[in-house]
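In order of appearance the chains are A, B, C, D, E, F, G and H, and numbering begins at 1 in each one.
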């Protein structure tokens, strides 16, 4: 918020043309929903962004104590926005779906979600490809997120570069999607090959699939960052969520 | 190219509805311009993509022997497409601009380029921000590439997170651009902060600015990959070119 | 202990102005409490520092065999100093609290402690902030330690940089604390932003929260070491204890 | 597939000398067997390569969900080619051998397999050596794969370089094999020593045996890549399969 | 700036009790001095902090193009605040001191500076120690910064842990300083030993002194982060500036 | 040399059926040519292997003092075997070719060599491919070595995976070579794609081409080690020599 | 074995002055005891070295299948040499001590052993120190090994550098031992300090004690390799065995 | 220095049986020679150790400013002890030998030295081996240091494991030396092989010889730390000095 805008705002207030309340709201930024445990704030939800833009409200399930997670989800369930909880263990998924039967589970992804009800048809087209069967979970997470953001999504799995014919079979998808999410573990070469075949943005997701010198996805990550195709950008290892989110954003443009 | 399409094509040929030449062209893919040294092919340029889409033809200057570079540039200069040569040393820039005076130099970037002449006005808006003065060269490379791809570009330099007021001064740009390139070295935190302020795609570029545990940009790269903002994707260290390219692609959608 | 001081001391002894016992005590340094198992010394406690300065006596619980841990705690419980045992598993916490009911447990931290009884009111103010809900355990450890050292502590949790309004809500704390502990995982950017807002020392604590290229906290650690804010120093990953300790020291000055 | 070949093919079709079907088959590449789960393709098997060349069809067991693994194996069991499934846990081996009793288990390797029945005698000779007893599992995997590809295999285990007499006892094997697989963990020095004793290709396999600065096989891997013997090439850590596969390929030449 | 404070401010404005100008100033944060090259902003100086608090204005010399550096220094020289430019090469130092003879050079540090003229005597005491002769440059940088911030500084160089008597000779300094900067390369053990001898904060600075597995200071950095002394915090490799800055901050408390 | 063979040999000697000289020669292994400087042995050449097998005698030029290099080359030039010296700087190449005009230089490789004169025609076919123009030097080194070992070699340069049509243009070579050397920097994906197209051994050579997160070839190296094609083995970064050597060995089988 | 010695030996045989059997024995090196599983050799024990020198026969327990371990121990138990098995899990220790009650267990080390019965009194003196209570297990392993090799051993535990008085209390040991084993985790600084106090060889053992940036002992390892004390050499992380072995060797000189 | 000893000493002083001066000397430890620049102490030499034990006084030349180096050498030249300066550039060597003609230069090592004149004949035997010609400089540094400490030294160069006959030619040395220094770059396998052939301590020195994945000696270092021979300890990369020093210490026992 620049000085000029602040000054202008204050002039409006001083001139009586703008109520204090409205100016205050404009200046103070976004409302926050507080999640508390024993009275202490343990999370601050940015409700407005989700509510106003139709984005899902997203909660990273991993690393949080379960009591904190419950406080957050309880808060969010009280509203009507689409909701997504990622990186949950099987045990946590079971506990949460018992408690909140309206939450849906996307198999193989560790995600629970509640879709929005805006009634709008999916639009655009996001292509989600993956190199191996082991990458399907991450690819599905990306597809789920893009769908929650309103995109039409098509997938094409197990299309690694050591069998190019498997990739070329996705020819129709390669020609029609507006943006691609390409998921691969091991050497992570698929995004480069896809990037060379299309002239749309490609969001590459390295996965932790592989062993030995795959180093938990580091090799795929480095490979993607060094892609010889110029239309490739990269997200964190196994971050299907982030890739789907950005694909959804681009698809909206 | 899927089996179905191949089959359909052949049926057309067998039926006499499609000439052998045309079918062959469709099947064999893209024409290539060969760059030779002593008769040996040392580079294969993908001329069609650039020619057909108005993308610049891009040559990575680093790592190539100068004789190879000359062979490639000589080939490219014979056509009329926009041309971009990146990562050149000062010495190479001087030698090439003497030989090809029509090449322009973007200060601080190591880039030479020849803009296209399609006469179209720039469209859309790409925001290019950087954290420190040391990051300006990479930021300018990104801005140049996006411009060569037809985008309108605005920049805002030296807006690192340790002085938030410097970033908030870019408020207008933050509200209007369709896509952002955010360049930062050292801890690379700027893309996360920008990502939290906008709901557009943010392409983060780590730079090798910094010393000690900056590890030549690795720290900034890792930080950006772990961004707590979901709308951030990442390219290679110092890869202003790639970020500008993807921003240009997204801006076209 | 310099030569001059030693010489002076000896002159006093030779002159009969200082007893052998007192000189010996001055020269031999600090008393040590021995913890033994089967007669063998397995730990040497520096009791004097804690007793004399009101610091808590601190035992790192991790990595020690349980029998060694018991030997040490048994020794320490026999005195009256404040005591802190860190990095305990849930199982060890249960076993130790059964045996020593006077030990208190700080939820989410893996710490057991016994506060001192000097009756002095807390003084100064240490601000403890964290970026995400997953970082709360480490932040609470830091807060506990600073409190055990006599500081008044205020906390502000879940204030990551992707939602700056959440941090700016801590405005009052940012203006009044004498020293800050800032805890963050993932890209670890919060200390830089806090460092830019205050002109007090900021002790940054990277946490192992995150996944993939977070590398167990390494990314946050590197980011903090490269902070563009000059008032930031760093401790080991998840080392809430160390950060709280130094904050407590500084708060005493 | 070059332009010339495509053109020639189309001329044949246009001239009526080649059926559309046959040309299509030649152009479209390899047939694929689809493995589905709930109607969605989760794997694409390259059946032709295995069927035509007598190579085993290979399934990487690690990282796949069990339901996906079952879909793939079910597909493969329906044909008659040799089959190999690698990197299975003990639990998965038990479940699969109950369901498919014709699958054989190679102890210590995590592999299940079904040999082919072409009745040809093994030919050539592949030497498989390993440095320590801990490397035997990986060495056996390599030996199994080479045998499935038709090679005669001899092994020599526990021949590490700290006891050269143990290696020299393999003198006969060293003089007669056409290609070697040399497996070692820890410092991974055995391939260099073997490489100096023979003038045949040596395929080095680092293993994750060791502790501390062995870093899960990284040390052995780096050592082998820096071998002072020029006839050594390297595969991934614990990748007995790959080494046996390439040895089998070379042995066929 | 919290919502409450914004609201209160606006009420004051609406009530006519606060001028628009003053409210605007309070809200808009810190003034910035723009450094331009060819009209483009290449740096934004935070003049107020330095001016108001007596901190030096600090410019990181490394990584900036010389023209940018000149633009910044030119801006800063026009004011009267203390100024510090760090990490300059010998060549840049020579060029700048010719142009700005009032800049002083601290030998071995790569720093130029202009001290303030507030006439206040140095206060407090900061102890700066280093382990080896190679670390003296970094140690002097820290000492310079602390002095520019008003501290009295004493140094004790070449006191590495392999000769404890060299450290113990600093006994008087160890007993009297309020805060310590301890600089060491190679294994970086000195801060732990100092940390055990004092009950004040110790800021550890790893240096790139050493060779081989010193890895340019990484080993010292890691060692310091794992210090067994609880009063040690760490800054980036060779970051004498940062350590001196924090020591100066603490010394002011 | 096994105990049995030693025993048999001695029985022959004791029985007078074998001369002491011949038995000694068999037992003592390979003759060595000593290279001396000031009387001290600085290198021991394994002349027999080269002489007997027609392999080139190979000297690693890098890292040796020039006087040592001269001692070795002087020794080798006195015989008639093919000779190869690798990894020479331009300056050393100039000095050596002045002194030994019979040495030939392969442009871009840093290699000097003297081919053998056995008059045999090249045999077999080794395919050498590379991904980018920057990789040509390493690829030529591999091709040179394979030729010196008697192979017929065909090359195909600049065929990176982001433009598959460039690779597919090498269709004829892909179908006819007995073994492949595939050279690539950056993400190093080409060997996987080639490996999927052929059923021959593929020797992958990572190069140091690239920047940033290419880490001097580490990324390409890791990618190749994790190739999803099973027929790929890997050599050290930029080790064109090793790859050509093994390709030459395999081509001889 | 040099050519001259081989020649001389053969002359003796040819002259009838040496029996074939004796010459064969001299040439063929060391006898080996084979450990078999299902007829296949899974380990080759170097029995002679242990038997002849009074060294313990050592078996690395980690990484071996239990059946292999049993085959090896069964072989070894049939002889009378001292025996040591290292890096055993608690479960394996229980199974083996049931089967071989004569094996003794050293608490905290994961070692089983059977001492020799040569009746010789321990000689020399090896000092074994460790920095923290968590390092005691590794230190005891070193002490055990040195004792099995005939040394007299004294230990001094929990003497980390943050409390120098704890180390100086070992003054007598520091003055009398012939060689030192110094064990430390975290920053691993103790060997440098000990190395500065003594003029005997110091064998440093990094341990995996610590957390976060201790990286499983890597930090301690690197610190020790960079020790500023010249009399320090280093072994692998947690390798108490190796340190004790070399200390035992040195103590024998 | 333990409490008991201090107490006893004081009793002696108080009783008049020990002069204050003598007691002070015993307590205060070692005398130090100060090296000053502009009055400031830049180095503290531990003269007594060298003088009393006949060890060389050692100055690490690398990383020090030349003026500091001169101050130190000037100090040392004023005494009569043996002196060693290591890791000097060629330029510094030339400057210093002009100024101090009595300093000798050991070719290829970067060392200057002045031997002592105690007239004692060398004793014992230290074996110094290296794997390749590139390692000779480091090996010579080790040999020089051991000689300066009174050892008889024999060397055997270029004996890498890919040509075992080159190592076995050192048979006599392997049987007679009391301690070994084994120097190797690349994969660093030589110490393991030597360690298996001898029952004496082996000090392994990794060198930075090699390229690509040799990572400046890291690969050799890791390999040596994981040696399968138990009698191997390791020093820093290229640290011939340290290895020679410890070998000299052991040789004295």
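Everything below uses one rule, namely that a contact is a pair of C-beta atoms (placed from the backbone, for glycine too) under 8 Å apart; a residue touches a chain by one contact, two chains touch by 3 or more.
Quick caveat: nothing in here was measured; it's all calculated off a predicted structure.
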item: Length of the shortest touching-chain route, chain B through to chain G; value: 2
item: F-H or C-E - the one linked by more C-beta pairs in contact; value: C-E
item: Chain pair repeating D-G, as identified from C-E, A-C or B-C when over half of the contact pairs by residue number coincide; value: A-C
item: Whole-Å gap separating chain G and chain H, where each centre is the average of the chain's CA atoms; value: 25
item: For chain A paired with chain E, centre-to-centre distance based on mean C-alpha positions, whole Å; value: 40
item: Separation of chain C from chain G, taking each centre as the mean of its C-alpha atoms, in whole Å; value: 37
item: Contacts with 2+ other chains: residues of chain F; value: 2-3, 28, 132, 163-164, 168-169, 210, 212-214, 218, 221, 225-226, 236
item: Which pairs of chains touch, using the document's own definition; value: A-B, A-C, A-D, A-E, A-F, B-C, B-D, B-E, B-F, C-E, C-G, C-H, D-F, D-G, D-H, E-G, E-H, F-G, F-H, G-H
item: Touching residues (chain side chain G, partner chain F) in the complex; value: 2-3, 6-7, 10-11, 13-14, 16, 20, 23-24, 27-28
item: Of chain C, residues touching chain B in the complex; value: 131-132, 160-164, 186-189, 192-193, 195-197, 210, 212-215, 218-220, 222-229
item: Contact set on chain E toward chain B in their complex; value: 28-30, 32, 35, 40-44, 46, 60, 62-65, 68, 72, 87, 206, 208, 216-218, 221, 236-239
item: In the complex, chain F residues that touch chain B; value: 108, 132-134, 136-137, 155-159, 163-166, 168-169, 185, 209-214
item: Residues on chain D engaged by chain F in the complex (per definition of touch); value: 1-3, 5, 49, 53, 55, 58, 168-169, 171-172, 178-179, 199-201, 203, 221, 225-226, 230-236, 241-243, 245-246, 249-250, 253
